[in-house]
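Chain naming follows the written order as A, B, C and D, and within any one chain the residues start at number 1.
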Amino acid sequence: MSMNAAPLEFRSEELLADVIARLIGDVRHVAVGNASPIPATAALLARERGKGRPYVSLLGSPKNTFWTDGARELFDCAGQGRIDVFFLSGGQIDGQGNVNLVSTGDYEHPKVRFPGSFGSAYLYYVVPKVILFRVEHSRRTLVPHVDFISAPGVSEQNVFRPGGPIALVTNRCLFSFAGGRFTLASVHPGHTVEEVIENTGFDFDRLATVPETPAPSPATLALLRETAAPQLAEVYPQFARQVFGVGQAALSS
Amino acid sequence: MFQAAKSLDDALAAVTDGCMVVVPREVSGVPMAATRALIRRGVKRLHLVALPTSSLQADLLIGAACVATLETSAVSLGEFGPAPRFAAAVTSGAIKMMDATCPALHAALQAAEKGVPFMPLRGLIGSDVLKYRDDWKVIDSPFGNCDPIVLLPAMKPDVALLHAPMADRFGNVWIGRQRELATMAHAADRTVVTVEKIHDGNLLDDPVLAAGTLPGFYVESVAVAERGAWPLPLPDHYAADAEHLAEYARMAATAEGFAEYLDRYVYERRAA
Amino acid sequence: MFQAAKSLDDALAAVTDGCMVVVPREVSGVPMAATRALIRRGVKRLHLVALPTSSLQADLLIGAACVATLETSAVSLGEFGPAPRFAAAVTSGAIKMMDATCPALHAALQAAEKGVPFMPLRGLIGSDVLKYRDDWKVIDSPFGNCDPIVLLPAMKPDVALLHAPMADRFGNVWIGRQRELATMAHAADRTVVTVEKIHDGNLLDDPVLAAGTLPGFYVESVAVAERGAWPLPLPDHYAADAEHLAEYARMAATAEGFAEYLDRYVYERRAA
Amino acid sequence: MSMNAAPLEFRSEELLADVIARLIGDVRHVAVGNASPIPATAALLARERGKGRPYVSLLGSPKNTFWTDGARELFDCAGQGRIDVFFLSGGQIDGQGNVNLVSTGDYEHPKVRFPGSFGSAYLYYVVPKVILFRVEHSRRTLVPHVDFISAPGVSEQNVFRPGGPIALVTNRCLFSFAGGRFTLASVHPGHTVEEVIENTGFDFDRLATVPETPAPSPATLALLRETAAPQLAEVYPQFARQVFGVGQAALSS
């Protein structure tokens, strides 16, 4: 997953944060789940670009959340339509946008047990923009059909579903999602369409020419390193140190 | 009604073999001292409900063979990796697993809190979480036009077991922002609490403290257990013991290592 | 998202003619200064929801012809007798009355808080309260055996209007034990708050204060209105002005007396 | 309503409190609504007799209630089965135990409008022992059929109803309630069966000989005056002063 192979002036994490920040777009409120430093970085970047908008909640960080109504408030808040963007991942993700956070093999006699569905079977339906994020892009993680549907990518027309997936971001590329299928939107610098096809277990659409994911601009990199990183360090000190160098205004490499 | 407990074991008398116990998520105050005491006592066949997720607590209780049924949305050691005893018990079929999703557990307890037989919840339809829950129903909402919605039956645990910063001598417990602890107590038949310390005076007498207080009316017993959430964190009081959790993750990776962990940290009472 | 209001009138801009406004019961902090300001501005055709009852506030708004529809469980001046303008308006047909029962209003707002289309509620069956509520439905509970239960549609007010002891400059509002104020804010599209005073610092920074705080995330505007609940009480802060309420009851007994009351205490701004 | 006509050593309020305290019986939790000084006195008397049991909640009194979950907590608490006794009244009460707190005449065009149903349409169903209390015993208040059913006295077999009325206490007598009908259980000292019949708008059952309501014992009067009254004074100072004499250990008359 390291970008060392190419002579780039940015880190993979910075590229992914930039991609995700663009996906977030102009919204009111982005909530980021526990242990998601790259989406958190993206949300902080989006907030800097928007001069305070969107409002950013970083779950698991008392300093960066406002909850005072207990553990249910996140879900109630989403049910009220007050969370516009959320992030989900999956032990498996398939071509229909189904995510599996439960187990592989037969549910009753699983081969591998994952932690569980968390809030996915709810948030995937009610948050307008769900961004799927899975760094490991392999046939193990991106499968034709998930073994267990923690939450489906699409629902029948009559099922209440104001939300759902809009994109999948991996270490190799960006897929957009619409009409129940993924489309390869761009391939990250240093990666190829062939490599994406080779490492993806599901079918996806693509244009004849797939663009390269734009590299983060110098302005974006400055914002990330000088403004977002110090805020991130409060919540993800290890990540901030490793990627951005703690307390340093700029990255040495 | 509240009675001061003579000891932690005394307070835990309500947690009997086979009963349904609801416990909170890691960041809401997990009664770990009480959990170790239950393992030492050898409690069996628990129907454990982790609201809405668990970490070390569920993994320990499962590994120690105290759990028959686990109802939760996820068990994980977070940055310390998967919960090894949980994963082993599910793959071997040693426990019955009732997979849920976080807001479903909250809603089911709120149904019991409100004395209604069920609560509706959006989402779920088309998921395998719903598929494997025979106890959940789907109806056509009478307020919609062909609008299916899931109904979750009220969940009424026998015991709510929680850890909090403080209680007073009237059984009032200060829970702060962790309001799902109040819902747990409202929904459960009996509530058992461990606390860091006893507060002098009555928590309900001060409007500021009262705002974060679970009234003693709902509490059956309170026992003092200093650092009672260790090695998990107690928000605003102490952080997780990362070194210990990493050690747990290493040891619990095998059944033998887990047995050694129990010997060292649970049975021998060397903890904290 | 929160913006500091320049004035009370400014803060009340969200309360437009014809909108649905939810207000709290007498002992939870009634925004009376805001109510007088709305009457002065001449707000019209409100759908007023009093959670779950009201006293002077509803009577004043009804008497001043600000209300088209009233949805509540009771309006009374308590020890000062019946609410005269309410009774007159209902008997004359000047307002549309939607009679409810207290827990139904709480449950309907909690439905909106939880993003579900309805909430079930026990009771009601066989009452005329239910009979006259076409918007409430009865279903056979799928968890029972021929077990009818009422479903209440989610109530999503345009505005929640409340008065509280204090707020900070981030829009966080300290509501203490009056937790239905949080539910009102969660359920409503926009929330407007008057407070006794501004708290220096951030209420969410102190875990004890945070436990009783409605986050500014849900609050659109805050205006300072000292003694803003007068002549009604603000719990833990000041008692009701019994002499004034007795005077109100006397004056409001007739339409003429009520008009004089408005002239003296509302339009002239001599209040408090 | 004064007992001046008879040479009694107790006040009407003391008799009623004693009657109600017996109706409360051996339970865990009695909740008393706002502005109900006589039921409140009875609950405090029952608590003194039971040496702390039942637990007593006096609504509207922050000192005598434990609520910290907002205005809904009373109803949630009742729904959990944690309130054993509650009190209701009515602008009209009829022979089937129906209570009317809404209006007389046609609902759409009422003659007299009362405040409203409050929590009656819920609590009447879920609280095991509801004691109806209406001091004014007249054909105006006790009617053949209420004009509006705020809450019905009885329900169909299949309606969830662990609760309901067990008795009606007035200034003249005590009715018990069972099987959808009132039975005259006792007539208060100084009143007669004929007077009760004359002033009651609904039909009720009675034995050939109707007992007199027992007068409060000296021990009960002492408990009321010396122990219950001082506690009551915190919540109902005017009532405590008028009936018991504020701060006085005993009643002078």
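We take it that a contact is a pair of C-beta atoms (placed from the backbone, for glycine too) under 8 Å apart; a residue touches a chain by one contact, two chains touch by 3 or more.
Remember, it's a predicted structure, so these values are computed and weren't measured experimentally.
A.B. asks: Chains in contact with chain C and with chain D: which ones?
C.D. replies: B
A.B. asks: Which of the two pairs, A-C or A-B, is linked by more C-beta contacts?
C.D. replies: The comparison resolves to A-B.
A.B. asks: For chain B versus chain D, what separation do you get between their C-alpha means, in angstrom?
C.D. replies: That pair's centroid distance is 41 Å.
A.B. asks: Report the inter-centroid distance (CA atoms only) between chain A and chain B in whole Å.
C.D. replies: Result: the chain centres lie 29 Å from each other.
A.B. asks: Measure off the straight-line distance from the CA centroid of chain B to the CA centroid of chain C, and report it in whole Å.
C.D. replies: 36
A.B. asks: For chain D, give me the residues that contact two or more of the other chains.
C.D. replies: Within chain D, residues 67-69, 75-76, 79, 126 contact more than one other chain.
A.B. asks: Could you pull out the residues of chain B that touch at least 2 other chains?
C.D. replies: Residues 110, 114-116, 121-122, 144, 147, 149, 177, 182, 210-212, 235-236 of chain B touch two or more partner chains.
A.B. asks: Touching pairs of chains, all of them, please.
C.D. replies: Contact pairs between chains: A-B, A-C, B-C, B-D, C-D.
A.B. asks: Would you pull the chain D residues touching chain B in the complex into a rising list?
C.D. replies: 28-29, 53, 55, 66-69, 75-82, 126
A.B. asks: For chain D, which residues count as touching chain C in their complex?
C.D. replies: 34-35, 60, 62, 67-72, 75-76, 79, 101-103, 107-126, 148-152, 155-156, 158-160
A.B. asks: Within their complex, state which residues of chain C touch chain D.
C.D. replies: Answer in residue numbers: 24-25, 27-28, 51-53, 72-76, 78-79, 82-83, 86-87, 90-91, 93, 99-104, 106, 110, 121-132, 144, 146-149, 177-183, 235-236.
A.B. asks: Given the complex with chain C, which residues does chain B contribute to the contact?
C.D. replies: 107, 110, 114-122, 137, 139, 141-144, 147, 149, 151, 153, 175-177, 207-212, 235-236
A.B. asks: Which part of chain B faces chain D closely enough to touch in the complex?
C.D. replies: These residues of chain B touch chain D: 1, 112-116, 172, 182, 186-187, 204, 210-218.
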